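The structure is given below, and queries will be raised subsequently.
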Amino acid sequence: MPVIANNFDLPFNIIRCSYGILGVKDLDASKKFYTEAIGLIETETTADAAYLRCLEERQHHSFVLQKSDEAIVYGLGFKVSKEADLDALKKHFKKLDLPTRWVKRYAQGRTLATHTPHGIPLEFYFEMNKEPRILQKYGLYRGCSPQRFDHINCFTYDLQGSYEFFTQELGFKLTEYTASEDKDEMLACWMHRKGTVHDMALTNGFGPRLHHLAVFVPNALDIIHLCDVMATTGYVDNIERGPGRHGISNAFFLYVLDPDGHRLEIYTSDYLTVDPDLEPIRWNFLDKQRQTLWGAPAPRSWFEHGTAFEGVEIQEPYLKNQPIIAK
Amino acid sequence: MPVIANNFDLPFNIIRCSYGILGVKDLDASKKFYTEAIGLIETETTADAAYLRCLEERQHHSFVLQKSDEAIVYGLGFKVSKEADLDALKKHFKKLDLPTRWVKRYAQGRTLATHTPHGIPLEFYFEMNKEPRILQKYGLYRGCSPQRFDHINCFTYDLQGSYEFFTQELGFKLTEYTASEDKDEMLACWMHRKGTVHDMALTNGFGPRLHHLAVFVPNALDIIHLCDVMATTGYVDNIERGPGRHGISNAFFLYVLDPDGHRLEIYTSDYLTVDPDLEPIRWNFLDKQRQTLWGAPAPRSWFEHGTAFEGVEIQEPYLKNQPIIAK
Amino acid sequence: MPVIANNFDLPFNIIRCSYGILGVKDLDASKKFYTEAIGLIETETTADAAYLRCLEERQHHSFVLQKSDEAIVYGLGFKVSKEADLDALKKHFKKLDLPTRWVKRYAQGRTLATHTPHGIPLEFYFEMNKEPRILQKYGLYRGCSPQRFDHINCFTYDLQGSYEFFTQELGFKLTEYTASEDKDEMLACWMHRKGTVHDMALTNGFGPRLHHLAVFVPNALDIIHLCDVMATTGYVDNIERGPGRHGISNAFFLYVLDPDGHRLEIYTSDYLTVDPDLEPIRWNFLDKQRQTLWGAPAPRSWFEHGTAFEGVEIQEPYLKNQPIIAK
Amino acid sequence: MPVIANNFDLPFNIIRCSYGILGVKDLDASKKFYTEAIGLIETETTADAAYLRCLEERQHHSFVLQKSDEAIVYGLGFKVSKEADLDALKKHFKKLDLPTRWVKRYAQGRTLATHTPHGIPLEFYFEMNKEPRILQKYGLYRGCSPQRFDHINCFTYDLQGSYEFFTQELGFKLTEYTASEDKDEMLACWMHRKGTVHDMALTNGFGPRLHHLAVFVPNALDIIHLCDVMATTGYVDNIERGPGRHGISNAFFLYVLDPDGHRLEIYTSDYLTVDPDLEPIRWNFLDKQRQTLWGAPAPRSWFEHGTAFEGVEIQEPYLKNQPIIAK
């Protein structure tokens, strides 16, 4: 039985997932993609990185495009509720025998880096530079009008172990999961901190790797407009999957690939999950509507492609199930 | 060179495509599909047929569901501008050596039936019973909120011949077409009478067969809602293709199959075509964006499946091209 | 009884309303408003005029912004079906004792100018320069994504006379009208050529004056986005009325004023009117839902403000009814 | 200076606002309004009350329609994080000299009732009967497709005092507020627990009274559809204000009145507020865009009308400002 009780008793409070640091080979090309096609707002560009944010965000960045020789992921950031949480987290990771270090992140305060027992790199911070509110600067709206950084999805080679780490050691709460029919093994899970369906999702597969970062958009027509824009501004081959409705999370979704192959989900219309007694929803792995409510299969690439984390070895998954991709 | 000049000089005026008569094996099941899922309005049901209309239509029917032993199509109806046009059409068909007969159609005036030289059955009428206006009875809106019958699409074994018949002998105007790159053969065409992209489209293939009937809906969200409704009320396997944006016509589309396998397109956002000097748009058969602007391929069934016309023999197409369905 | 039968028997064919020529005092300011806020596309700017078009239009212009000392209207253009129609129209106007002249219009072929017996200036042309198709250049979409010029609405001091002229002498077809309850006088009417609810609408009032020009947009969210954009880019006071749903025409609408006070309607979701036997819809002047289906009253300015035609005297209306503006 | 620091140090955790109990004079008429027009789902109806919920809610009710001789409000409910919070709250209120009692609420566990120092009645509970998930039963969607109970807005005669009570004694966090220009008095405020713009808003005026309850809907088109439905099913006069965009909260809104005059806001598109260091937004009372971003004034009724709480005396507000309702 894979579901375990939430752990409400931790000496720190992770507020939400907050940013991703993506290694990109051509900074100008990536910036163009994220600002002109997707519609992110450029806060600042330094010598080797561009700092972008979504329309409702008042912090300095949620997407960091870092010049790189490879298409690699440098970090995944989470905001905590106060400065002291960082010290509590450091102590907690030490107890768990996980290495930590204080990393320098532009426009942020103290930032604590570690990784999960299965290699997913995590960063925690409280302070970040404040930026002017642009939510109501409607003249700036472009592409899919991204409102906010919504969630992170990673491949992991140890699904059950990773799930237990996030829920028991970091206080994430399970909202939905996929399980095999026979052995009742958990094959994918969605866990939140901020009261939506997820801040962090895990997918069984060669890992750890980033499956995707996601932005929340106002409604489905913003997603359709992005398809139209991408299809007619040179990005037609960057549209990977969708648009469609997920059974899981009820989200209306689109998956696109950036110029380096980092996957981005454009996401809307999930639901509130703040109730502590909300029961997780179990999906049967054989139910094709869990993936797409309307029945359309995902392309094979969606189950197989991901981007690596810098310096982290990728391992074969413990669970050998194959994704169902035929209709 | 396949495009020929419009023929503006005919002694009759076909206003628009108007209805389809679909043979259905289970009248209750079909009526349920068309009214509860799709959202058509039931005008009247007789002993052996249900007469349905769209929300803005003030005529008695645009969809006739006729009890039948087979999933077959009984007729395709077109409205003319006045009663005398019917006599002019009869004379015109006689001159062309095409057989005509006056058929009895419930709730219609005189109705002239014939078929194209390649076997597509056509019916013409001017008078039909008037019904109350329900466009602003918003409490009746269901499913995709179908506003009006939009167009008819047929497979034909002689694409060029059928195209010439509709444009030269019936006054249809070409708006868009697909042509092979090498031989400049026309492989599909879209032709209108009413000022939209089409009343009648033709597709190369085993024919004549009905490819689909189409309804026009207000916007893309109505189509997404229909997907959600069909996916969760027992019709998930009836969703065949889409939603997506056609390159051709610019329409946002969805294709679904009714309980007998008759295909229905849910269609919105094409453009006005009333200018007589509007130049037809040529699409290269190798351009995948003609089919779906966003690049997604259509499933094989979409190129192969259609429903037969009652008593009409199906022939192999002259053109042997294969549809492009791989990405 | 104000409704008279359509006149289908005229020796020319007016296809549709096509353009307006607006006198503007600050060409740059007006161009900025129409392109950056509304989203029209600039085809060309000459020394004294800017030529703009909507996204699906393949002709050179539908909006001409003409440098001027006054906020005045220079012309209203209609497209005919062929060059010879212009000569037939000239002859027809001569028979009606209406003056005509050939005017020079940039990027157009021969253009015949006249005015209605009650002073509304009209221009007719067949040829206009062709421009590239940009409907699927989604990267260009801005503001409300205007698809096409939809209709013209004028104040007239002689409603019944003007209505009769358009329907009997120019072949326009009545689709909807407002009538007083007691005397059954027509107080406003909507008439079409192109198969939508109207190409030309007439409103009782001090006239002749332009009430508004209208563009058709894909859906209601485009209108809401325009409100958001105008409200936050310096045009909040240019929003006059709406958004809302008209009872008449069923359109979802917004009325805005350009920098010179010319009124523009942003319009979507009316219905097809091509059937020759479609019966006009009568609205009672006392029914507040004719104006706004949802019941909200229009502001007084909407009933009173309009822009004058160059060199045309404005007269007091024959009908002295007052608009209903209180709830 | 009206803004005070958040109080993060309380021995209980209020999760969110959860329900309203509305006294209605005709239970059938009210049930019809809320289910057929608005689109709430009926969970259960007892002899004297109907229990309704929104589409994503898995608890028994969020709207209780209680048969009553008057149009009065019986209670406002809040969910806490665990059963023990109720005891902590009881102790807390005792310390504050506020009376408490355990009330019996159908389909709920222990429920603690009290009122604020200025008379707003509050109820707290942890347990409520669980109901099947219907979020993906799209065949049930009607009206505006309400997803969840969003917030409560009350008039209070002591704005500053009430604001301090909610933030200092109950742990609500301020997100936006209106202040007078001269004296910097707070005139209205928006405060949350669940991570959206508000669970509770306060408005200066004769109070305490309920200003409105609000439901969250997927997008603006759902609101437009509700306008269309209400306008054509006998509820046109129940539409009070909107649709429009609030400057405050950025929400797209509509205000309607139920058959007893209880006000309901239909609400969408606000933003995430979980960051503890998110700075409250100050709006100047003289800025008309705070109320409606697009500039349209609210009707006078919106500033004046509210419904009383059972047995609670209404007092004159301390602040004598007048609402701005003229454009």
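Order of writing sets the labels: A, B, C and D. Residues in every chain begin at 1.
Going forward, a contact is a pair of C-beta atoms (placed from the backbone, for glycine too) under 8 Å apart; a residue touches a chain by one contact, two chains touch by 3 or more.
These numbers were taken from a predicted model, which means no experiment stands behind them.
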Separation of chain B from chain D in touching-chain steps, minimised, is 1
Chain whose mean Cα position lies farthest from chain D: B
Distance from the mean Cα position of chain B to that of chain A, given in whole angstrom: 44
Intercentroid distance (Cα basis), chain D paired with chain A, Å: 32
Whole-Å separation of chain centres (CA-atom averages), chain A against chain C: 49
Flagged in chain C as touching 2+ other chains are 136, 219-221, 228, 231-232, 293
Within their complex, state which residues of chain A touch chain C. 36, 136-139, 141, 219, 221, 225, 228-229, 231-233
Can you list the residues on chain C that touch chain D in the complex? 219-221, 224, 227-228, 230-232, 236-237, 239, 243-245, 252, 289, 293-296
In the complex, the residues of chain D that touch chain A are 8, 15-16, 56, 58-59, 79, 81-82, 126-127, 130, 133, 135-136, 147-148, 194-195, 218-221, 247, 250, 269, 271-272, 274-279, 281, 293
